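Got some structures for you, see below.
In what comes next, chain A is part of two complexes: it sits with chain B in the first one and with chain C in the second one.
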Partner chain A sequence: MRIVSFLEDTAGSAKKIFSKFSIEGKIGVCGIALIVAIAILAPLISGYSPAKITGGSLEAPSSTHLLGTDELGMDIWSQICYGARMSLFIGLAVALIAGIGGGALGILAGCLGGTVDQLLMRSVDILLALPSFPLLIVISAFMGPSIFNVILILVFFSWAKPARIIRSQTLSIKTNTYITAAKNFGATPFYLLRRHILPEVLPVLFVSIISITSYAIIAETGLAFLGLGDPTSKSWGMMLHYATGFKSIYFTPFWQWWLIPPLVALIFLLLCLAFIGRDLEQVLDPRLRQAGGA
Partner chain B sequence: MALLEVTDLKCSYALDEACVRAVDGISFSVNPGEIIGIVGESGSGKTTTALSIMHLLGDKANVSGKIVYNGQDISALPEKEMDRLRWTEIAMVFQNGLEVLNPVMTVGTQVAEPMQKHCNISPDAAKVRCADLFSKVGLDRSWMDAYPHQLSGGMRQRVLLAMALSCDPKLLILDEVTSAVDAFTRKEIRELLYDLQCSRGMSMIIISHDLSFVSSLASNLIVLYSGRVVECGPTRALINGPRHPYSRGLVNATPDIFIYKDLWGIPGDTAGDTPTGCPFYKRCTQAIEQCRQSPPSLKPCGEGREIACHRGGIATLMKAADLRFRYTLPDKKTLQALDGVDLEVHEGEVLAVVGQTGSGKSTLAHVLAGILCPEKGTVLFQEGNVHEGHNGHRFGGIQIVFQDPFTSTSNRFTVQDAVREPLDINRIGNPDERLARTRDVLELVRLPSTAQFLDRYCSELSGGQRQRVALARALIMKPRLLIADEITSALDVSTAANILRLLKGLQNRRGFAMIYISHDLTLTLKIADRIAVMNAGRIVETGNAHDVMLAPHDEYTKRLVGSRIGLCCHEHPHKPEGTAPEKTPAVLSGEDRQ
Partner chain C sequence: MQMTKSDKQEIIFRFALTLLVLLALNFLLPRMMPGDPFSTTSSDVQGEEVVVMTQEQREYYTHYYGLDLPQHEQFVVYLSNLAHGDLGQSIYYKMPVTRVILLHLPWTILIVLCATALSLLIGVTLGMISARNRKKGSDRIMMAFLISFAEIPSFLLGIIILLIFGVYLHMFPLAGAVTPFAHYNSVFDQAGDIAYHAALPILTLSLAQLTGVYLLTRNSLISVSTKDYIRTARAKGLGEHIVWTRHALKNALLPVVTRTGFMIGILMGGAVLVENVFSYPGIGSTLNSAVVGRDYPLIQGILLVVAVAILVCNLLVDRVYRHLDPRVGE
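Showing the complex of A and B:
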């Protein structure tokens, strides 16, 4: 019952938030929906397997191969479809793990305070101070390319921000006297978390999950582009890696259908996320402004 | 030796079927030259007491008990001998009314009549004396030839007084002599009675519900309720510190005693019949099971006072001793917010804690509510330690309402969620009961209890409404002690006034005790019974709200009282010499009004 009503609430507030979005924000939501649909329906709409040679090498776009083929004769459109899966999967996985984990740590630090808080916040300080991308490259090169490793490394570098935001949010909620009142009525920490703290921090957490998603997608693409991604995976970053790795691609017309599609897809996805993130932040701005503390 | 001694006087009226007990075992004595006051609401048996002393109750009344006048038991005296005592020894001034005087005789004749009859004075001499008496009570002698209906109420009362004085009695019984007269006459009558007592050493029994009139004359007071003495003792002590909840109610309902305060009567009506228990049981704010079962007897409680209460008078609800609390500031310095606070809160009273910002008031509120733990000292609430018990979790405990209405309820909560939160947390009742209680308590704080309002978000409400919601949330737990921490400081004047009146009304009706914390002295005077003045973590002065305001002892209190800004029409002393707070207009105007 409670879960159902919670879901209804969430759906209701999602609708409300969507109605407050600007046109760009709405485009963003639709774009994401489109990409998600493509990713989910990839086997149905791609027509070919992305890892099979289904045509001649470097064919121009035609009715058989919508976006042409790459050097090995694999269908580009199919690779884009399946690559969307990879990009979204890595982006969301990193964002959810880092967001939820970081958020939980933030709440913990905010609620407990003291040594736990100090310890967590100093680690956050260190993580935020480190230059993440060079380290990312070094570590992933050291650990070897695999999706799991990529996710792990990205999570490691992205949990600090939500943790800090959520901690300050929790601290500011804690100063409200309704918390004191509830405690005086005998509320358990679990009750406070469920009824007061979580509902307040979730929207903020959502915004930061979206920004982590963008970050993770960019980072994954970057790593793949540098050749540090999983070579067996079909991601947009790997496509870029192979395309740019093809000697003198710019002197041939191949870049038009080999390099441009993953690039456009990537930019489109990131733009959509950016639009959504920006609008969400605006809609939830009054809450963000409350945030205080370190 | 006492002039009049009444022991265990009982008096009941036999009606057709039932028997109404008007006086139920009253004992008191009047010494020569002493003035005794008998006070109580209407129907408490005051007049019956007077009439039974005078043997004027008639056949339907059944009187028992001993009445000794001047060494002689007059309780069973035959009518003929009693008649000799009346007027010459004991005279009674009746409550003014047209039916008391004979409408077809001039008032002069009526005043002269008892003199001729009892003192064997000739009609002419009586007439002369009558004229004397008239001038003495402040009536022009030309009125002697007037008929009662030609006189005003105040004049008739004077005639009755003249009549009672005509035979120069030793004991005067005055029954509600001031209830129908204007303030000037009232004061004149008071002066007259005072003179009579001083010059002739006349003893008096003054019966009245007018506590200020009685207390200005009587040296001892007897408080009657439902024909029983609930409290008696020296006037000053009783007025300043009534021990019985009923006496306190009477004192609080008297405008002259707390001139700043709003008037609040004792809630409820006089109990028709409480055959077994304490007569005040139904209206009492601190009744316990024993009060329902057996009536309390009058017991001495020190300083010549006696009280009839199973709980020994107004009980102490909360007692805090030597509270200390320190805040640690970021730069490792500490701030002593509470520095040895001792405090007592009695059942059903409003204690105001007043002080400037930063004096530790809110900290005190939080410590008393059990939210903060003091470094040192204990807070006892109903004999249990506040910091060990769970007084906020249960009915009849302590609840606190906070200063800022905008943070004391969550923006995301609907009115219903917010108000029923304590029930939800403590899993009290099923959802329907919770909803019913929510509606009840919303009506109590005068908010709509419609489904539409219940589903409104707190963020959509105004400050005043949200403060009411917070109040409702506290009241849903039916507290015995409500701590209101600056609850009106965030609200505009009108809203604040509404909230304050609402709160005081609820307090009065439901009988919970309240600690009202405020920096606004003027506002607290409207509702407080007692005031504790706080400065730098200490309580510098505690006392009756009236006394603290009019006669502050502590330097800080004087400054606080003097810090009030008068209105444009008041005099503003710019840089008064020596800044003597006694000279500030605020205090002067108070005294003038008194």
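Showing the complex of A and C:
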């Protein structure tokens, strides 16, 4: 029963948040829903396996191959469909692990203070000062290209930001008098966390999870573009890598159906995420709401 | 915000600590990579000419490059060489790493600095136009467009720009930094050729950074424009243009200065990918080929140069900022 009512609550508040979104935000939600649907239904709508040779090399788009084929004769539309899985999976996995992990560390640092806090914030400072992309390239080259490694590296580089934001949020919540009052009434730390800190912190965490998702998708694409992605996967970044790596692609019409689809798909996905992130920030953050988004 | 001595020490301590972590990472990472520099010793990128070494040759080279020493001894050697400005010998290019870097770094510096200047120029101009027309339609449209535009990562933007201007319109070259085997009649000819090849990478990088500058200028100008001295300037009878440029803009640019330092850092990182899009022979393309060729010393050298450049930029910005704003600092 509790689960049902919880789900109803969540659905209700999601509906409420959605109704406050701007037109762009609504487009973003619909766009993401579309991409998720494509990713889930990939085997049904693609028609071909993305890794099987099903046609001639570099065929132009036609009724048999909606977006044509690549140099090995693999269907590009089905690569786009299955590639959506990769991008979404990597983006969400990194964002959830880094967001929740970083958030938990941030709350921990904010609540405990002292040496733990010092140590954690010191590492956050260093991590944020390191030039992440050149390091990403080198680390992923050394770890070897696999989806798991890419996720691990991206998590390592993206937990610091939410940790810092959540820590400062926790610290500012802790100074409120109602926390002191609750403590005087004998509230346990766990109760304070659940009743007062988490509800305040979660919206902020949610916004940073969305921004990490785009960061992770961009970083994965960049690594794959350089040839450091998982070679067995057909992510959109790998498609860019193979297409731009094809000799004289710019002197032939092949780029029109080989390079443009992953490019458009990626930009569409990133824009949708950005629209959602921006609107969520405005709806969930009370301070921005008061400012009227000006 | 008073800058005390302990704050200063804190900044330098953080800088040193970050540098140390970087050096340690820089040293350890390439050594943990799979494969070794002698597994593919070929003379060209395509790997068509693979020279297979005998066991003896391999052992000889492992000893020659000091790769058979224990890790901590290698680290000490690395640090002491570094102190002498010696970054080692590139295994792939067969010359000192410093020379490889010096050959390619100028191209990266060229496009990064030009892109910084261009994005500052356009960003500040647009920001001022937007702030002066605040709450009007043109401001809203410009802001919505630029914010969405900023979500496109620089290398995807680079591919689009390459497709439009290089492939479709044939206006700019597809790759390289100079026309191969060209003979120049004058210095201007040469400069023209370099500018012609650098145009697209610079355009890409500056467009990617434009929105940050634009938003910062706009918001900073809007908050400055409510200050008393702006009203005083207007009351003195100064023209609207002078009020905005001399009084408002001058004060609004302080946060933009801070941003510039971070921007150069981000651009250095972005250049790594963008250079690969345009096959521009800067340090990013070199890093990519060094990773492919497992050229440890070169990877270390490039990472170090890029990272230190970024750290120093951030440190410098702090200095410049305190110089510009007398309220900060002693």
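Keep in mind that, in the parts below, the second predicted complex is superposed on the first by the 278 of 294 C-alpha atoms of A that agree within 3 Å, B and C clash if a C-alpha of one lies under 4 Å from a C-alpha of the other, contacts with A are read in each partner's own complex, and residues count from 1 in each chain.
Here, a contact is a pair of C-beta atoms (placed from the backbone, for glycine too) under 8 Å apart; a residue touches a chain by one contact, two chains touch by 3 or more.
Predicted model only: the values in this text are computed from it and were never measured.
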Which of chain B and chain C A:40 touches, first, second, both or neither: neither
First (chain B), second (chain C), both or neither touched by A:92: neither
Partner contacting more residues of chain A (chain B vs chain C): C
Contacts of A:196 with chain B and chain C, given as first, second, both or neither: first
Chain B versus chain C as contact partner of A:187, first or second or both or neither: first
Touched partner set for A:100, first chain B, second chain C, both or neither: neither
Set of chain A residues, in rising order, touched by both chain B and chain C: none
Touching residues (chain side chain B, partner chain A) in the complex: 369-371, 390, 392-393, 399-400, 402-404, 407-410, 412-413, 418, 421-422, 425-426, 470, 473, 477
Complex interface listing, chain C residues touching chain A: 14, 17-18, 21-22, 25, 29-30, 32-34, 144, 147-148, 151-153, 155-156, 159-160, 162-163, 166-167, 174, 265, 268-270, 272-273, 276-277, 287-288, 291-292, 299, 302-303, 306-307, 310-311, 314
Contact footprint of chain C on chain A as seen in their complex: 24, 122, 125-126, 129-135, 137-139, 141-142, 144, 214, 218, 221-222, 225-228, 240, 244, 250, 255, 259-260, 263, 266-267, 270-271, 273-275, 278
Contacting residues of chain A [partner chain B, same complex]: 175-178, 180-187, 191, 196, 199-200
